[in-house]
Amino acid sequence: MNNNKNILIIGGGPAGLEAAIQLQKLNYNIILIEKSDHLGGHLAEWDRLFPDGVKTKEILDKLVNNLVGVKYFLNTEIDSINLLNGSYNAILSNGITILAKAVLIASGFDLFKAERKQEYGYGVYNHVISNADLESYFKDGKDQRVVKNPRRVGFVHCVGSRDEKVGNIHCSKVCCVTAVKQACEIKEKFPDAEVFCFYIDLRMFGRGYEDLYLKAQQKYGIRFIRGRVSEVAENIKNELIIKAEDTLSGKPIQVTLDLLVLMSGMMNSKSGLELGEMLSLNKKEDGFFECKSSIYSQQFSNKKGIFYAGTCTGPKTLPDTFHEARSAAMEINTYMNESNKE
Amino acid sequence: MIYEGKKKIWSDYQKDIPDDHFFYVRSCIRQSFFPASEQKFLEICNQRLDKDFFETEKHTSCGGIAFHSDAIPIETSLVIYGRQFSLMNEFGYKNFVCSCITSFGLYCEALEMWREHPDLEAKTREILWDTCKREFTKPEFLVHTSDIIFKYRKQIAALAKYKLINSKTGKPLKVVEHIGCHYNKIFPSKSVGGAEYPYVLAGMIESWGGEIIDYPERRHCCGFGFRQYLVKANRGYSLSNTHKKFESMEPYHPDFIIANCPGCTYFMDRWQYVISEMEHKAYGEYGYGIPVLTYEEVAGLVMGYNPWDLGLQMHQVNCEPLLDKMGIKYEPKEKYRGLNNKNIGKPALSPYLK
Amino acid sequence: MNERILHDYNDFVLPFLIGFVFILTYLFIGLVRIIYHIPPEDRRKLLRSFINPRILLLNFKDITHDCLLHIKIYKRNLLLGYMHFSIAFGWFMLIIIGHIEVLLYAPKSTGWQHLYYPIFFRYFLEQSGHTTLRGAFFFFLMDFFLLMVLVGIGLAIFKRVKSLAFGMRRTTHASFADTIVLYCLWAIFPLRLLAEGFTAGISGGSFLTKPVNYIFASFLGNDLNIMPTWWAYSISLGLFFLALPFSRYMHIPTEPLLIILRNAGLKAKKIRKGFSEAEIYSCPSCGLCIDACPMNVQIKNLKLSSVYYMRFLRCHNHQKTQRIANACLMCGKCVEICPVGIDSCAIKVVERGTMNNSVQYDYNYLQDGKINLLSLLETQNSNEIKPLLEKEITQDIKIANKDFSSKNRGKVIFFAGCMTHITPIIIQSMKKIFAKAGIDYIFADANGGICCGRPLLLAGKLDAAKELIKKNTELFKESGATTLLVSCPICYKIFKEEYKLDNIVILHHTEYINKLINDNRLQVRKNDDTLVYHDPCDLGRGSNIYEEPRNILLKIGNLKKAEKEGKESICCGGSLGSLSLNRGDRVKITQKSLQALTYCKPDKVITACPLCKKTFAEQSEDIPIMDLAEIVANNLI
Amino acid sequence: MTNFGFKLVTSSRVNLDKFDKEKFDKLLKIEPDIRICMACGACTATCSAGKFTETSLRKAILLLQNGDEKGAVNKLIGCMLCGKCTIVCPRSINTRNLINNILKIYSK
């Protein structure tokens, strides 16, 4: 086949899939590789999406259905990749070798490992879970750490974000509104539960987010406390005792919870970083890849023919990610046309 | 509580402790209040486990209390540490072990400071030479005596006559471990098990058959905090911290507390008396208090030493109930007989603390 | 014709007699109750009013105007007015003339007969020979007024079907008693016509009764029908009287009493007793206030209007009355248009008092010397105060105040008020005006002041309000000024009504600016902007200031009428009067009020209240909302 | 008892487990707006009484939610109900009704 039409997309999450769909329409040969055993990335683990609670399945099905004709390999990573007269020559972990004119990196993010914030006792206390755990609980209701009809539930914002102690000074952008969304869902599931959100700043930047926040207060009576949880302990009944300060009234507070949800932030994915090493792509201090220009050309890397889409260049919402995937497709298309002229 | 989770975190905080040949420095508080602990430490290490732990009368206090109560400037302290290290060097040792947590914290801090501020190190080096004509050196390894007992815990278990098990019920004893703040909160990486779930004492208890209890205020400071205690006006705060800890551990009915810090051992022991006077309350069973022991004392009991040789009579809280539980034989009337057969006198008791 | 009594008694008068005696006793007891519950000092007022010719005259005028002629309703809607007039006045005349007849023709009649003769006279009278002129005259009058009443009744029935023709959009739902009385009322006069018609052959009659007599006699024999109709007539009357006390028509006998009490200068002091009880029973439930109430924009709030308030009061439903009392905006429109002149707002404030007066408060901070005029005000030459303010000890401050106030003899003291402080443009405009007119003033609350106390008063926290009034009064007197100028109608109203400022003249800036212009101390330029003026509740209905702002605006632009204005103007919705009304409800009111103001598409809407301005401004995208001071300041020459 | 010259000090920590829900629900029924406060502080900044005394609706709401009823009341007893806060509140909370009812339910 004609190598000049080959495009390698790394990552089968929303960004990768959407880009693949768009480029497919422009008749390129797409090879998409995904390291996990399923398409959709984190989206596949999530239950519903902020701000209006759309089921992720709807989005995911759309993506997968439009994927017709795209070649993709699951459980596959890049073993080695190097530039070979104007094209990228990649050897995949499944033995296949690909020569591609352009490479789109949509390697996405890893959720911050909540256990790294030891004071919150993730993996140590029986009723501490992460935002991802809660989503899968909403999906299948299996998680045993979530007790029946909890009396009090707490959410800790900025776990692994805005925190030099774990080397992440950046804000993960989506956790605030995710927390508010999940808090509302908890109230829907357990109307008698008291729900507390412990935040540093509430960043309701997006359309419909502030409304969600208002609804959380007005309809669900969720209590928002400005102050970072400092330590979590278990009492003899295996309930959680958390300490924080209500910085707005300047009072240290303590409350006993039946469930604590940690809002893990985003970090550049491990596999993405390894790839970055192979291709010596520039990173910023927050660990995400550096775009050619943070304002104008976010889809370009410091390497010719290598493009970015999605959260590998910093935390993003799904809409952002889809926009990037599409504009990446456009940029790649232009790039292919020009380089084929030469 | 998920034990695996804790183990995982412990595994992240492995501290390499050399097996032998240490230069040993004492603790001001311990040698005055629990002298037997330090004496037994050396005995256990040098005789029972025949290791090489060297001490010299030439070494001094680290001046920590003076430092923390702003009585002496940092430069002075640094020189004192420098002198201790150069003593170690002089006697041909590379591993430095101190029996005090305050000292341990300060030594760690000093090494860190010297690393970050070479000018400070140069200054220390200079003053050390001008004042004592001594060569400045740093130890290869800096450890605390509790690290040592932790390292030898399995050998000790092998020599054990008793286990931390209730001889009547056969159930493991419930033990509260309390870590001195300056052992792991300043430099978690320099501790065994880190700051959140320290393993140094937990490890000993485990391997000697006891069961660690995890109560909400386990992280909390004993309240000594130098200024808080030393200034009488603040002493209420010091007391309140201990009180908070006891209130929090009470429902778990611990059989005893093991601590690795001189101050903590002392205050958690003595404050129980003050609280019983103020609140008319004792936290142990049948009106007794909860014994607060040093790791050497616990090791000693396990290895079958005579409780009075271990200096358990030096504690405010009576340890007899614990000894009975462990099934340890002891001579009640021997309790207050000093080495020179003179009665050393018993501590005052409140009507609310047996 | 001369006296010729056929019978002096017949059983059919019994139903009437029973009803009549019942209502008389009921009214007597009611009267005693009310007088009993009026506080002593008010009772004295009442007695004094009886020897005061001016008040007596006023009583006579009001009673004839309101109870007989229904002038107020005429002003609202001719048809509606005529309906009330014809029934009330016609009936009244029937009674009067009835009595005159009895006096003339049956002078010998005994006490009991005096009760029923005037009503059933035609039954007991026999006409002999030919009619004398005088007789014919009375026959004519009686028939005439009967006709008048019948026309009224006709209209009333028609109104049931088509109330809009009477300028009423919404009316109240009638209770059971109401319906009974209503149907009796409708029945009484047609039955009387029939009865007198049948009897006319014997008793004689005029242009109404005679023809009826001929028609009926011609196809049904006469004598048979006489008794049943008289019975029916009497029964309907009896029923009417028996049901009256439990119906809205109780206002017919109560209203005159209310007028007398009101003219004597009495006010509501208790929720349901004394004066307010008279008001409660005087409420005819006509429902005019439903259309007047700003809250009527939402169906769900219709039952918050005063007519329902009075109703729930009457049936002791205090859960509901409290709800209404808390919601009411106190805009005073229902009071303004009430044909009976019931001051329901006053009762609501009294009720709020029972809920809120005891609520805790602590204004000790007003008393510690820190708050004094100097610390709050600002004058053009404020550098003269600064050194005074340096003085720490309150004693010195007092002295400082003294020599300061002596400097201010005759000056204007300007009090912006809390609300004006969040519409700074008004303050700026006033400063501009002062400068232009070269007025030496002192700005009483330049650095923030103490609330005037009206919000507390409206909330029923009377004791709390008194403390603020006391402190402010002190400050104003301290100032040495002789004119107190206010920008906020809310403050203005309470300054006028509750403050005792002796010889300090209180002016709202509309009055003041108007005066400045008339005295040629200010000139404004005229342009062809079309302006509409919104009357703030507390300035218009509240303080009767309608002309001054309009005079000023006529000089500035061409002033158009709003759909509803003056006494009829609709509250902006921001009113501090309401306690419980939330944002959602208020916005709807604001929008409706704004519609009414802008229906003629003016270039600017002008008001004279910072709160109105703020409230409208939030809802008005394209039409700027300006304070009067603002537009004057913009058009100074 | 022996006089040690020092005493146990009581903790300033608020324990939210002890929060009196009943009273608060009563307040919510009358004025649910208390829930939507986002503690921006506009009310306190504009408060007429706040110029002279410790009046702050924002603080009162927080204290109330932290179970400090007395503290909350003390932050409100200086209020003159002038209504400036209602006008500046970005969430259009019916502040006067809220204040009046907090005082009604929680004072004395």
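Labels for the chains are A, B, C and D, by order of writing; each one numbers its residues from 1.
In the analysis below, contacts are C-beta pairs under 8 Å (C-beta built on N, C-alpha and C of every residue); 3 or more make two chains touch, one makes a residue touch a chain.
Only a predicted model underlies this, so the values are computations on that prediction, with no experimental measurement involved.
Asks: Under the document's definition of touching, what chains do subunit A and subunit B have as common neighbours?
Replies: D
Asks: Which chain's mean C-alpha position is the greatest distance from subunit D's?
Replies: It is B whose centre lies farthest from that of subunit D.
Asks: Can you name the chain whose C-alpha mean lies closest to the mean of all the C-alpha atoms?
Replies: It is chain D that sits nearest the middle.
Asks: Determine the centre-to-centre distance between subunit C and subunit D, using the mean Cα coordinates as centres, and give it in whole Å.
Replies: 39
Asks: Mind checking the centre-to-centre distance between subunit B and subunit C? Centres are C-alpha means, answer in whole Å.
Replies: 86
Asks: If you average the CA atoms of subunit B and of subunit D, how many Å lie between those two points?
Replies: Comparing mean C-alpha positions, subunit D is 47 Å from subunit B.
Asks: Quick one: subunit A and subunit C, Cα centre-to-centre, how many Å?
Replies: That pair's centroid distance is 66 Å.
Asks: Among the residues of subunit A, which are close enough to touch at least two other chains?
Replies: In subunit A, no residue touches two or more other chains.
Asks: Please list all residues of subunit D that touch 2 or more other chains.
Replies: There are none in subunit D.
Asks: All pairs of touching chains?
Replies: The set of touching chain pairs is A-B, A-D, B-D, C-D.
Asks: In their shared complex, at which residues does subunit D touch subunit B?
Replies: 1-2, 4-9, 11
Asks: So in the complex, the part of subunit B that touches subunit D is made up of which residues?
Replies: It is residues 232-237, 239-240, 243-244, 274-275, 277-279, 350 of subunit B that touch subunit D.
Asks: Give every residue of subunit A touching subunit D within the complex, in rising order.
Replies: 196, 214, 217-218, 221, 223-224, 226, 243, 246, 248-249, 251-256
Asks: Of all residues in subunit A, which touch subunit B in the complex?
Replies: 115, 118-119, 121-126, 231, 233-236, 238, 241
Asks: Quick check: in the complex, which residue numbers of subunit C touch subunit D?
Replies: It comes out as residues 326, 356, 359-363, 365-366, 370-371, 418-419, 421-422, 447-451, 453, 455-456, 459, 461, 464, 468, 574, 576, 579-583, 611, 614.
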